[in-house]
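These notes open a run of structures that come right after.
In the two assemblies presented below, chain A is common to both, partnered first by chain B and then by chain C.
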Partner chain A sequence: MDSATLLGLAGVLAAAAPVLFAVIGETITERAGVINLSVNGTILLSAMGGFAVAVNTGSLLLGFLAGALIGALVALVIAFSSITLQQSQVAVGFVLALVCRDLSYFLGNPYMGASGPRLPSAPIPLLGDLPLIGPLFFRQDLLTYLSYVLIFAAWAYIFKTRPGLMLQGIGERPAAAFARGADVNRLRYLYTVIGGAIIGIAGPAYSLSVKAGWKGTISGLDGIGWIALSITIFGGWNPLRAAFGAYLFALLQWLGLVLQPSLPGIPSQVLQVAPFPLMILTLLLVNIGNAEWVERALARLPENTRHALARLLRSLRAAPPAALGVPFEQE
Partner chain B sequence: MNVELRDIHKIFAAVHANNGINLKIPAGVIQGILGENGAGKSTLMKILSGFYQPSQGQILLDDKPVIIRSPADATRQGVGMLHQDPLDFPSMRVIDNFLIGHPGELIPDRGQAAAQLEAIQQKLGFSLRPEAHVDTLTVGERQQLEILRLLWLGVRVLILDEPTTGISALQKEKLFAALRLLAQEGKTIIFVSHKLEDVEVLCHKVAVLRQGRLIGEMLPPFNITRLVEMMFEKVITLGNRRSCCRGEISFRLNALELEDARLHIPGVSLEVQGGEVIGLAGMEGSGQALFLRACAGLVRAVGGHISINEHDLTGKPYHTYLEHGIAYLPAARLEEGLAPGMTLTEHFLLAGEARGFNIDWEQGRKVAQERIADFNIRGTPASPIEALSGGNQQRALLALLKHPLNLILLEHPTRGLDIESSIYIWDKLKERCAEGAVILFISSDLEELLQYSDRLLVFFSGEVSSPLDAERTTVEHLGQFIGGKGWAA
Partner chain C sequence: MKNLRWNNFLFQLVAFLLALAFTSLIMVFAGAPPISAYVEILGGAFGSVNSLANVVVVWMPLLLVTSGLLITFTAGLWNIGIEGQITLGAIFTTAALRLLQESSLPPWLIILLAMLAGVAGGALWAVMAGLLKTFGGVNEIFGGLGLNFVATALTLWLIFGPWKRPGTGSMSGTEPFPDTLWLPQLPGLRLSPWSVIFGAAAIYLVYRLLSGTYFGLRLKAIGKNVRAAFLLGVPAWQHSLLAFALCGFFAGLAGALQVTAVYHRLIPSISSGYGFLGLLVAMLVNYQALWAAPVALFFAALNIGSIQLPIMLNLDSSLSGVLQGMLVLFVLLTEGARKRWLQKNG
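Coming up: the complex of A and B.
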């Protein structure tokens, strides 16, 4: 592999980090049975807010904390309106997605094009010197390392710990979780806010690292949140699968850039936008087994092929938490 | 553990669901609770297990007054309840279900938990695989899992709300053996049921509720006629078997071959006369539900033909089946058959012939009123469907059926219903047969299968028996056949 490609792929891992934060934050939220539809707005607002704080204080740490705080606050609004007021999560989340986006453009005006701090690259000694793996994984910045850890930590928490099992429980069947001692609504608050804080880190992950700076509407961040939402679904609410989706998306974006010079016939805008429909196409393919016409088409195939294909489609299919978006009333 | 309920009252907005109930249950006793639909049995059990707070009254455990704040609090104090629809997590594994809510260190030791699961289930004669997903289990197995879990949590009072409605005869025997064993160990068992024969063989003592009051208690030997009289204030007798077969073939299956993720049903051929009732027997998940859905046009057959009154319906869409007078009543009433949140009037409007664009509310209310009276539904045209008791929801479903129908497909038509409602529902169904409709129904209640069917099909892991004459089949024979005995290799 030539060094340019290697560098590019390392860039893919770094570029995927913010998406990963958003996707894993959303995965945790939805596992608890709450949909945080505001992701797109949250990312923009926390990118702007995190950048502004970092510029004013000169502290990267405070910048990231500000991002997490913004994410947590937006999530708190969703939790309050959906859990306490029992309003539609989708409606509230959607409005917040729009409001936060416009708010970020409006409040971010003074910081347009301002120069601010940027997370430095922090190669890990020894590991960074390994051939191939070193430059690919271990010459990144702190945030990218954190994103690796987050994938496995979230996965281990959800599937291997007692509170993680209960987290699955409250999103799956809150009544049963309640019968087993869970304070469903309090836990939903908790996970929505924690998930929101993690989503909120995605913002400064852009504005203080991957796409450092704030450029308002041309920051190129608009739309990422919607993709993060779809990757959450594509990832079957499992951090490992979701990570795969996030990396795939970053890879597609990078390919769009790399291929541009060799495909002069295709306008550059097409290549930039292509990852979005491609992601949606993947989503469709993954869930195609649900469709009746597929079942009918399969029925005509010879028995062995049919069984193999049906099994493959079933293993790809992932069921959402059964109580996703459904409020829970304790008697 | 000794349980005592003193003067328990529970008032829901307009309903006095429990009205001054006094009941003592000593340790080691299996206490039966009987009563018609809506008598207040579940409410009383939910009070004891912390789901509801009593409006008034006191609970004593081992002679000490206690307050039970929540279901989790109840388990801590040693009271566990098994709900008719098991309160578990279907998409998760057995071992995870076993672990959720069990106190302990952050990262549970799955190996150890599996070993403990194994130890308890060995004692009780259950055999669940820890790695199996709960949605692949039968209702009976899910119950077993809940019992194991509650025992692991250390409960000494086990409440079972209608545990025998959805399970096979074999599983019932296992359950009863386990309950007897637990009672011998000094655990208190409370067994709520509509099935007198179950109560008769299992319980040490029976209490009857009616309209929220405790009518009386009885010790063995139980006088069944007297019990029924206490439950319904009147004597109820099972009508005679009657057949409405008309002679000419109306519904025909020709080498129908079906398949889903787990099962393969090789060609079924069947000719059914107008007015005939066919009972579909078998352990849950043996293929009878798939078969019924295929007859309803909801599942596509991989081979063979379906026809009704000489119209070929093979491969046609669902609405064509509807047009040919085929109706399907699924077991999950609230999920698939009724629309929660809508009133009875709205249901009748939806089910009726659509004439014009505007809703004729006047007409709708009138129809609703008529049907409510006709089907003896306890409710008003404005009652939302989920506020009705199970028996009344079932009556509403029947009342929604169109006229005329050629084929009625039912899953567990009387599951969870008391004897009076069951008899009533079958009266209404037989009226349809007299008009020429064919009925195919699934039931796990052997008595019901034998009482109301003309012929029976038995399913065993995708195999389908040739039709049995219901009149010449006994409960014992049918039970063994369902359990897989007596099948030609």
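Coming up: the complex of A and C.
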């Protein structure tokens, strides 16, 4: 592998970091049975807010904290309106996605093109000197390292700890979890806000690192939140599979740029959006195993083919948490 | 009953005032004068015949889109793919105009065929989202979002690829059509009376369809409870697909108008965001057709009025979007609060 390709792939890992924060945050939220549809707006608003705070205080840490705080507050509105007021999560989330986007453009106006701090690269001694692996994984910034940790931490928390088991429970069978003593709605509040805070870090991850600065409508961030929502489904609400989706997405976008010169007939704007149709296709593949007619069609096939196809579909299939989007009434 | 209606009205008023107060607070926070901003918006929207005409130019496609969305919402569907459906309407219309502009057909027939193509394009895109949902198990929100991105990619590819202007393609869009292929406009204004006819017809038809027909009733049944409707013998997925197709029909018409009556060419952001705005309008009127026209007018006025803001007050015009979204947000919140209040005191 030549050094340009290696550098490009290292860039893919870095570019996927903000998407990873958004996707893992959303995965945790949805595991609890709540859909946070505001991701697109949350990322924009926290990108702008985090940048503004970092510019004014000169502190990167405060910038990231501001992003997390904004994400948590937006999520709190969703939790309050859907859990306490029993309004549609989708409706409130969608409205917030638009409001936060416009709010970021309105409030971010004075910061357009301002110069601000940027997260420095922090190569890890020793590990960074390893051949191949070093330049690929360990010459990144802190945020990218944090994104690696987040994937495994979220996975371990959800599947290997007791509170994680309860988290699965309140999203799958809230009534059963409640019977076992869980305060379902309180936990849903908690995980929605925590998930929102993690999503909120995705914003400054762009404005203070991957795409440093704030450029309003041409920041190129509008749309990423919607992708993150698709990747959450693609990931089957499992952090490891979601991480695979996020890296795949970043890889496809990078390939689009690399292949540009060899495909003169296709304008760059098109290659930038090329991953999106692929995303639909994967969503279709992930979901089609759940459709009734597929089962009926499979039943008609000869045994060998049926088993092979069924196994393939099952391996791709992902079922959402059973109580996703369904309010729970505690007695 | 009367008491309940008053109570409802009171909560709506509170929602409106809260949204206004909150948006003003945001402006104060940003160091902007709220009163002057509202005055500028009002003046920018209703200050002259010209600006008033521009408000109607926004109002009509918004009304078309909202009409379509009322159908899908009634069927319990979140047609977030509406943006792409408008875009496909515009693409199909442009394609037909390009194909036929050299032909010997009379211009009115070319325009008519082009608009029919646009309607078909919108419906096709909507049915795709419907098929993904009914046969692919892909939730319409995510299928629709994906199709929106595909529509955007398609537009960009056409503008910079096969349909690029002589020389180089640019973000300003394709080569404009000659004015023989424009829908007739009122003298001196950007407004075509045909838009008004289509918009008014759409909301009237949808109002009748949803409140006065058996089909509307069955859609409502599906929207309330798919399983129950199915058990009662309502063919659910056929009705869902039809609801998608009808919504795409209106969205496609809106897109066709954007090309034939407003821009006279294909531009990258041809939908002007009317799809998402229509979703907000539909939510704000609680999915009822009755108030859709005035609320869409109000939203259109905010859009046009806010264009003044950057020039007059050095504020970003996205303020209109903030106010529109806050209105819907506070209506949803007060509606929830009202229900809780009724539960406790009713």
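Everything that follows uses one rule, which is that the second predicted complex is superposed on the first by the 319 of 331 C-alpha atoms of A that agree within 3 Å, B and C clash if a C-alpha of one lies under 4 Å from a C-alpha of the other, contacts with A are read in each partner's own complex, and residues count from 1 in each chain.
One rule holds in what follows: a residue touches a chain if its C-beta (ideal position, glycine included) is under 8 Å from a C-beta of that chain, and two chains touch if they have at least 3 such contacts.
In this text, all values refer to a predicted model and were calculated from it rather than measured experimentally.
Undergrad: Which partner chains sit in contact with A:Ala310 here, chain B, chain C, both or neither? Use first/second/both/neither.
TA: After superposing on A, A:Ala310 lies in contact with chain B but is clear of chain C.
Undergrad: Who does A:Phe94 touch here: chain B (first), chain C (second), both, or neither?
TA: Only chain C; A:Phe94 stays clear of chain B.
Undergrad: Regarding the shared-chain residue A:Ala175, is it in contact with chain B (first), chain C (second), both, or neither?
TA: A:Ala175 sits against chain B, while chain C stays out of touch.
Undergrad: When the two structures are overlaid on chain A, which partner does A:Asn238 contact: first (chain B), second (chain C), both, or neither?
TA: A:Asn238 sits against neither chain B nor chain C.
Undergrad: Tell me which partner touches more residues of chain A in the superposed arrangement, chain B or chain C.
TA: Partner with more touched residues of chain A: C.
Undergrad: A:Pro163 in the overlay: touching chain B, chain C, both, or neither? Say first, second, both or neither.
TA: In the superposition, A:Pro163 touches chain B alone.
Undergrad: Determine, under the contact definition given at the top, whether A:Gln260 touches first (chain B), second (chain C), both, or neither.
TA: After superposing on A, A:Gln260 lies clear of both chain B and chain C.
Undergrad: If you stack the two complexes on chain A, which partner ends up touching A:Ser121: first (chain B), second (chain C), both, or neither?
TA: In the superposition, A:Ser121 touches no partner, neither chain B nor chain C.
Undergrad: Tell me the contact category for A:Ala322 with respect to chain B and chain C: first, second, both or neither.
TA: The first partner, chain B, only.
Undergrad: Give me the intersection of chain A's contacts with chain B and its contacts with chain C, in residue numbers.
TA: Comparing the two interfaces on chain A, one with chain B and one with chain C, no residues are shared.
Undergrad: If you look only at chain A, which of its residues touch chain C in the complex?
TA: 37, 77, 81, 84-88, 90-92, 94-96, 98-99, 101-103, 105-110, 216, 223, 226, 229-230, 233, 265-267, 269-270, 273-274, 276-277, 279-280, 283-284, 287-291, 293
Undergrad: Once bound in the complex, which stretches of chain B touch chain A?
TA: Checking each residue of chain B against chain A gives 51-52, 70-72, 75, 87-92, 96, 99-102, 104-108, 261, 300, 302.
Undergrad: Taking the touch rule as given, give the residues of chain C at its contact with chain A in the complex, in rising order.
TA: 26, 29-30, 78, 80, 132, 135-139, 141-143, 145-147, 149-150, 152-153, 156-157, 160-161, 169, 276, 279-280, 283, 314-316, 318-322, 324-326, 328-329, 332-333, 335-337, 339-340
Undergrad: Considering only the defined contacts, which chain A positions touch chain B in the complex?
TA: Counting only chain A, the residues touching chain B are 160-163, 165-166, 168-169, 172-173, 175-182, 295-296, 299, 310, 314, 319, 322, 331.
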